[in-house]
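These notes concern the structure reproduced below.
Here the chain labels run A, B, C and D in written order, and each chain numbers its own residues starting at 1.
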Amino acid sequence: MTNKIKHIAVLTSGGDSPGMNAAIRAVSRACAFHEIKCTGVYRGYQGLIEGDFKELGPRTVKNLINRGGTFLKSARSKAFMTREGRNQAFEHLKNNSIDALVVIGGDGTFKGAEVFGNEFQFPIVGVPGTIDNDIRGTDHTIGYDTALNTVVEAIDKIRDTANSHNRLFLVEVMGRNAGDIALNAGIGAGAEEILIPEENLGKERLLESLKRSRKSGKTSSIIVVAEGDQIGKNIFELADYIDTNLDSYEVKVTVLGHIQRGGSPSCYDRVLASRLGIGAVDALINQHKAVMVGIAHKKIVNVPFEQALAGSNDIDTDLLRVADITSI
Amino acid sequence: MTNKIKHIAVLTSGGDSPGMNAAIRAVSRACAFHEIKCTGVYRGYQGLIEGDFKELGPRTVKNLINRGGTFLKSARSKAFMTREGRNQAFEHLKNNSIDALVVIGGDGTFKGAEVFGNEFQFPIVGVPGTIDNDIRGTDHTIGYDTALNTVVEAIDKIRDTANSHNRLFLVEVMGRNAGDIALNAGIGAGAEEILIPEENLGKERLLESLKRSRKSGKTSSIIVVAEGDQIGKNIFELADYIDTNLDSYEVKVTVLGHIQRGGSPSCYDRVLASRLGIGAVDALINQHKAVMVGIAHKKIVNVPFEQALAGSNDIDTDLLRVADITSI
Amino acid sequence: MTNKIKHIAVLTSGGDSPGMNAAIRAVSRACAFHEIKCTGVYRGYQGLIEGDFKELGPRTVKNLINRGGTFLKSARSKAFMTREGRNQAFEHLKNNSIDALVVIGGDGTFKGAEVFGNEFQFPIVGVPGTIDNDIRGTDHTIGYDTALNTVVEAIDKIRDTANSHNRLFLVEVMGRNAGDIALNAGIGAGAEEILIPEENLGKERLLESLKRSRKSGKTSSIIVVAEGDQIGKNIFELADYIDTNLDSYEVKVTVLGHIQRGGSPSCYDRVLASRLGIGAVDALINQHKAVMVGIAHKKIVNVPFEQALAGSNDIDTDLLRVADITSI
Amino acid sequence: MTNKIKHIAVLTSGGDSPGMNAAIRAVSRACAFHEIKCTGVYRGYQGLIEGDFKELGPRTVKNLINRGGTFLKSARSKAFMTREGRNQAFEHLKNNSIDALVVIGGDGTFKGAEVFGNEFQFPIVGVPGTIDNDIRGTDHTIGYDTALNTVVEAIDKIRDTANSHNRLFLVEVMGRNAGDIALNAGIGAGAEEILIPEENLGKERLLESLKRSRKSGKTSSIIVVAEGDQIGKNIFELADYIDTNLDSYEVKVTVLGHIQRGGSPSCYDRVLASRLGIGAVDALINQHKAVMVGIAHKKIVNVPFEQALAGSNDIDTDLLRVADITSI
């Protein structure tokens, strides 16, 4: 005998990403489509603990598909790391007759979901929403494509100035553990060099490469640096090193920072969020538990949490070659 | 004994699409990387016939990756449809010691390439550059992702007005034979209904659906209509029909037109164009002829022209369901 | 003895324009600043007649400054053209103890305000919100600057395609009576010719000019046409005329339409809307009636309605010369 | 007897700003219109010293109006600060029969022009191109309006994240001596507080204000800080101070940096640049020397260099009040 799902709650947790609102909207409308009640939980797991709930009908979520951020807000919850906190959360779910939960976020969100789902045998499905694209089992996470466009547009503006002044710009982009943003946005922005955590070029080889390209006739340069890159202590120290050792350029640093998390989602992210939100409700209806819905080869897939949490996808070595060739 | 490629020409043909410049740049730099001479041909096959050539070094193509359109220009050539025209084109290639050709464009471009390649046993590789995404054998064509973002941003603006006035807007988007743009941009823009060539809903059912959604509390609506849709004689006739038969809305028409072909390419299209441009040179080095380079499951593939020309990809039925559910 | 204002209502009427939300927000916050109660009226004068009101506190209007359209919605009201309708409107104001009214809109809105204010001796201040910039007594109307940017960005995209194909594009922009949008956006977009209601170049001279510029080496062209231009029956007829009489180009038409009314307001429009919203409340506090607040030489001014309604500002002849010179 | 101008040179100097290309284009086309020869000088005064010249015909400058940066490039020249350097510059002008010079830039550019013009009795007209809007005698400088839009769009993205997480963001914008960007973009972005060089609020009052607004129900906040603001040692120190003394928010810092200098110019900046470029040629034709062309009350004016260099425009105190009221 199966337990028919009658009431689903949805929350967003961890760093926000463009498209989270579109995913919430899709969950809410998929619930309406299947005649399932839908409840929004504010401020992630913290709101679950505090019972900060709001009913989501299909009209509640109108005009949200194009908005950055998450109207349900997000928060990090220390209390949810305690058994007591999770007990409170479960009580609120039970008291509201909520049968299942959709959590939208990144690896931290899914870890919390895994623990909670196991403890209370509670059905939870995860939706990957993070700009970092660092979840295994899905080709893309919601917000990643938008973040790439934001970075590329920002570097296009910096290039105007770099070209006008024969300057070398170091541009830091997000990605503590994964170089996906740096590598793709670096290729897209026509960067001279791309420094990622997965590869340590070494300062000397970077310098050699810059000298070569200066000789080849380049008059300005953009170097894209992922936050987690190991080449120097930090981007400012690296800039000093280049400035000291390379005569021909004036070296400048830009840290793109939080503009990368915001903005109206791209069409791709809106469609992806819509598909994954619907996929999450489908998964719950089909009695899945403890899975993330992802996209692989353009199809929706259900990936067990432990698999999704097994680390970032490997860097695409083909793209490293593309970066090398196009920056010749 | 293989014939080593020493000199590659590249041209763009057919309707332009954002990312064509990035593809030309990648061809040019891949040639430089492999120490192959590279020549740009202006105005597509017409320039081939007229010998309108320009040498492309790696610096010639700088600051092009972010530009819409094609700096080599494009044109339709009637002369290339004649044997005489093609003879002249071949003479120019021979006289300039050009060993192989990369053509960037859509199905018309590839058909021309197929004929010419067969006639003169000339190695040609195609790169899919069209906003229509109607080429079989590649997940995406260059420019399609950018066009989706352009459409979605335009509809976001129209939505501001639709919401402010309780209006119903019919928005025509490109796609004579393929509903890919309409379907994806329609989902991304939160359209109420999406009318595509592959499916004929019928006027009556459209009307019923609009009445239902009005009852459900919607106060404004966007209907996305692909050019090639068959539901009415044209979008204006359809607007009249709705206006006559539906009291509650004021009906307006917008035809997005050629803004969909332009604009700075998205990061995705820039990276795709870079990969396919390099892939085209790789294919020629590896003695491929009469193939298109495409992307499938994130990997570069070589697809024989006849296969690429076998018609559009089928519409993703999963997306039809997504459109239905999210517009509830 | 002065009557201290204790309760202000605000509404938006006529065509919406980007920045109307910013103006409503400013009215609401200026009221809070002066400890005046603020009420929003939905759907313009129609909502006034129906008593469709909502209290606006300073937090009610948060996150609105960057949104296109008007969250109070706009509508045209036939009932408000009748004495009976206006009586009902007045009853609602009286019953809600509303002392004064701020109306945001264009000339139609101000005409209604003038009649109503006279009839009931009710203090009304107008805020010019229209993309058309056709109100006398203010250098700019709210939304105009944003519309110019929208048009220029759209034409930039069309230019990509025009350049790639050696085409001539006719682009229709808004402006039934005033050529301000066409003239400024035409200069900004680098248009070859700009056709405005205020000046009728004549078809033959247009043709001569196009032939001259073709000879001078131009390979593609954009002609910007204001809606209200009188040169042909309409833009399609004009395109046919050029196509028939000019060999060298392929002629295409784009009608930009309602995308010009939407979009997130520019910084200029947000600041202008904030200033005028505050200025409207200041004017009411200072016992003004039947005036529009405008901006002239960067200062806020109060302009009697009859003066504001005396027709469009004259076209800046200096700009006609700029258009001529820059399109050489 | 007047000396008819037959040959004008144009250069860009100092920090680049969006619209400089549009200004160069206008100078070049105004020259063509008046049948004056036009020469572009690369890399500002340094290129003048080195004779790095290029003839600019009306077609040379096509497709430049929408491009950020300056295709003539800019540079700071130490050599031009020496009499010897300036002698060389004058020799190049004389040898090329150049009669007059248009310099596009900010106060440093005009200072150089003043000295050079006096020394050699050489006619020079300045065009104000800088994002800082810190030139007296012109309502706006070229690039300022675009920079405001860039800042406001960036802060809109940051707001998405701030709202999603109940955070307080400190955003540093350009403006070492002038708070114009901070004040206008701060109002436009709906900032809670705006810190400018012209006013020192003091840390304690800032803190009090933040506490008040938290109490009033605000859940997130943006503080815009001009580079030259004196409230703390720097923005990071200020962030620490707030973090230590204010419990309720998580405090984050973003430095927008060089993205503010780039980007496609707004319509306003394109039209302004076109008018000022034409105005500069007009001024030279009319025998003006040592003046800047500016815009005041929508009209072109000629302002003697010494007047333009008399410091920034004063801050608009009306805008300080607008900032106070709209952030209530």
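The rule is short, and it goes like this: a residue touches a chain if its C-beta (ideal position, glycine included) is under 8 Å from a C-beta of that chain, and two chains touch if they have at least 3 such contacts.
Here the structure is a predicted model, which is why all the values come from computation and not from measurement.
Using the contact threshold fixed earlier, the set of chains in contact with both subunit C and subunit D is empty.
Think of it this way: of C-D, A-D or B-C, only one pair shares over half of the A-B contact pairs by residue number, and it is C-D. If each chain is reduced to the centroid of its CA atoms, subunit A and subunit D end up 36 Å from each other.
Each chain gets a centre from the mean of its Cα atoms; for subunit B and subunit D, those two points are 39 Å apart. In subunit A, the residues that reach two or more other chains under the touch definition are 156, 159, 163. If the chains shown are joined wherever they touch, the resulting network closes on itself as one ring, and no chain has more or fewer than two partners. By the touch criterion given at the top, residues 12, 16, 18, 20, 67-70, 73-75, 150, 154, 156-161, 163-166, 169, 252-255, 257-259, 261-263 of subunit C touch subunit B in their complex. On subunit C, the positions that touch subunit D within their shared complex are 25-26, 29-30, 32-33, 58-59, 62-63, 65-66, 139, 145, 148-149, 151-153, 156, 159, 163, 184-185, 187-190, 216-218, 264, 266-268, 270-271, 274-275, 278, 297-300, 316, 318-319, 321-322, 324-328.
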